[in-house]
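See structure below.
Letters A, B and C mark the chains in the order given here, with residues in each chain numbered from 1 onward.
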Amino acid sequence: MFLKNAWYCAGWDYQVSQGKDAIVARKIAGKRVVLYRKSGGAVVAMEDQCPHRQAALSLGRKEGDALRCMYHGLKFESDGKCSEIPNVEKVPEHICVRTFPVVEMDNWIWVWMGDPAKADPALISRGVGPSDPDFTTRPSYIQVNASYLLENANLADLSHSSFTHDATIAMGLAQALAKPTHKVIPRGIKTDWWVRSVPVPKFVQHLFPPGFLCDANFDVTQTYPCNWMLHFRVFTAGTATEGESDGHLVLDSWSCQAVTPRDAESVDYYYSWGVSKKTEQPGLADLLKEGLDAAFNEDKRMLEAQQQRVKEDPHFKQMGIGAADGGPARMLRVIDQLIREEQEAERPTAVAA
Amino acid sequence: MFLKNAWYCAGWDYQVSQGKDAIVARKIAGKRVVLYRKSGGAVVAMEDQCPHRQAALSLGRKEGDALRCMYHGLKFESDGKCSEIPNVEKVPEHICVRTFPVVEMDNWIWVWMGDPAKADPALISRGVGPSDPDFTTRPSYIQVNASYLLENANLADLSHSSFTHDATIAMGLAQALAKPTHKVIPRGIKTDWWVRSVPVPKFVQHLFPPGFLCDANFDVTQTYPCNWMLHFRVFTAGTATEGESDGHLVLDSWSCQAVTPRDAESVDYYYSWGVSKKTEQPGLADLLKEGLDAAFNEDKRMLEAQQQRVKEDPHFKQMGIGAADGGPARMLRVIDQLIREEQEAERPTAVAA
Amino acid sequence: MFLKNAWYCAGWDYQVSQGKDAIVARKIAGKRVVLYRKSGGAVVAMEDQCPHRQAALSLGRKEGDALRCMYHGLKFESDGKCSEIPNVEKVPEHICVRTFPVVEMDNWIWVWMGDPAKADPALISRGVGPSDPDFTTRPSYIQVNASYLLENANLADLSHSSFTHDATIAMGLAQALAKPTHKVIPRGIKTDWWVRSVPVPKFVQHLFPPGFLCDANFDVTQTYPCNWMLHFRVFTAGTATEGESDGHLVLDSWSCQAVTPRDAESVDYYYSWGVSKKTEQPGLADLLKEGLDAAFNEDKRMLEAQQQRVKEDPHFKQMGIGAADGGPARMLRVIDQLIREEQEAERPTAVAA
């Protein structure tokens, strides 16, 4: 079950070029969506099935700003109206394809899957995109065959990093032993926490003197469906104060992640890690990307096995452990409530007798 | 749902040789069928499961005109009777495997899946086979993972050619703009139409002077399950009259196509395109085959995506557009009626009180 | 449906080494199980899902004799008790993972999937393992995507050998024509029979003079779930008497086979064929393994096609043939009864009023 009135990330802007054949098929929250750019660059998002016989519009042809279905030749303008049917003099008004509001923000394409009247761009989760001039950022992508709810639970609790990512991005046991507090915000949770005098992750240890320790701050905003924006700063241990801090900054970075449910059992995961110009070094952004790619393959393996077990054994009574459950519990409650509220609002009102 | 009392094409005759191990497994209208040839050449079609424990007879061994199940050694004569069970002195009468009437016609093997008493060879859809001495014909094959009903709709309306086959066999927009009329015949529809002063398809344009135009006649007979026989003639533009015509004939050809449902979601598609000896040139039949192979891969891509959407979104309210719907609507109505009539005939009659 | 109170073979002992990363995932009778060795070598079998959030423990880390879940770091001792949860001072008593009794016997690892109190090692089906000093034995493995019930029927009647294994291990028509009698024993059946003056199997014929004939004795014990232990002796034809026999022994061998259901439609098949030291020759055990591997691929093809047909056509009325059905009928009845008895014992008792 998915929220309709929400912005879903449909990918990186560079994935939809102005190319003649650049027509991109996606599955978003269970619905097939086709994306292409008009002249001028605006992205069009349409339901990826022709209203005539459900042919795939993503197998169609761009004609100016319109998209022609290449099965029977119906031509759809970028607002979804059918402007031409071969051999039909006057196209009936009602023939059209559904379009979805689109906004590009932070180099991501965002699609609103619900009531267009409610599509407020201010609801979009903000991050730092690859084109931000103050950061050097590498975008990446992975498909994970697991529910976005398992992804939310994964991202709402970084303690797993110390185990799942021991060989890559973990800071020793620091994340497992931290006790972050999570604040519920509209459509998600916010978590801001420090770890102190901890080792740097294994995948970057060769860049530091042996035994080098650091302080680090994680400032995370996680919102529906699973948009996860992290401002991540690393300081030489003992030099950082809370808040902005004027300590010795080793790394100032943003990792921005958008996990879009394809259907109930798989997600498209668009993510990046960018280093600020002030802490940049040649090759550093590339290393961060490599580290994150490796870590997300570790998560993929873990989550896909978990998905398999949850599916095979849906009545298994999971046991809470306290500590690590705080973030996931809050985030999953937020999602559950958003969906229930939307469904109740859609229900026809009972008329009093 | 399939018609039982119908001839289904089970493949090209050359696919079932007299070889010692030439035992061919098919799935036809949901049923598994095994084919082999007796000495003398007659094809036997049996249900492809041993009545004992449902082992695959297609994993069996030809012994003379009989087929032995290689699980427990039951031997079945070509009429389906069990003639030998190892260690059993007298084979019980009732042990037998179902056989199906078979006819070879136009180099196709046709199997009747219903009541043998009704298996009238006159019901077989006729075409021009590869062995017809007046034509040079190349047979081919493709599997398409889509319902035979989507295939019927596809073939009952050639307007799609102008779009789906724009790069291969389309004659520009000619097919999309034509207004053929469809005549309902027993078990199908018949369509006979002309296009005039139209370009030749792209895949043969290099053989003609620039700007060369032609007249062309499509004479199509389409019957259940999805047998599609086309007499296709091309003339130098302006030289052809209706009917037989004595215009300047550029191509006289037959394309014969038999689409057999394997199950509800996939078909075996056996097809050919043959050129008459009078308009033949070395390599021309090969080119026609290449063009048709390319076109049918275009269809396959389109139909499989359509099948996927129809399956995912079965309550989608498709919108009629008029023009292109005439052929498919008639053909699908014919199929629907055939199946309903057969089912009603099978229903036990209510006894009046 | 599977019996719970039973020993299931979880593989060859050499498949679970003492290696740091030697953590083996299995599916046994529908349940996911993880195996590893403690220091000292004892095998631990645990349910392969963390009680916290169903993560796969088989993606975990061995720590001494314990296994740590590498999702959130819960550490489980070899008795299943959780001994550590990061950030949690006192681990709640109830947090534990289910463990299963394990016994190693004849180089196989046996796991008891039911009530530990009933796990009597005397119930384990005995064979001759690769480490038996009196035999030279080669272990092997195949996965078959068919029900263990079809495997039981296959193994309870060797008449199929004459057909399915005609090219490999069959002794001509000898097995098909034999009339063994099957004796019901606790949890299975026992079959002891001779074939006389029969050819040796094709895969070994090159080792014998042309026309060489033999007598052979099959002494088989088959028990739930599908453990099949064969003492197989071959003599020069005419030299063997019943029972122990002091005839001219050509081959004294054991083939021990354990077929473990993964789920309702697939099995793990661990098997071996070993030749006694007194009839051994260099390379002979290797040849026996090659022959059995080839034969089991023949079975796999046959059984997977049968499984497919049984699944597609579950209401097909199979026809008994007598002869070959005796063994399978008895064995399947034993299994059916074992499962029914267990289910009835589990049902809450009705209290008399």
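Operating definition for what follows: a contact is a pair of C-beta atoms (placed from the backbone, for glycine too) under 8 Å apart; a residue touches a chain by one contact, two chains touch by 3 or more.
Every value quoted in this text rests on a predicted model; they were computed, and no experiment measured them.
A rotation of 120 degrees, rounded to a multiple of 5, brings the CA atoms of chain B into register with those of chain C.
Comparing the contact residues of chain A and chain C by number shows a mostly separate set, under half of all numbers used being common to the two copies. Centre-to-centre, using mean CA coordinates, chain A is 47 Å away from chain C. Of all residues in chain B, none touches two or more other chains. On chain C, the positions that touch chain A within their shared complex are 32, 48-49, 51-56, 58-59, 61, 68-74, 85-88, 92, 94-95.
Of all residues in chain B, those touching chain A in their complex are 153, 157, 159-160, 162-164, 166, 173, 176-179, 301-302, 305-306, 308-310, 312-313, 316, 318-324.
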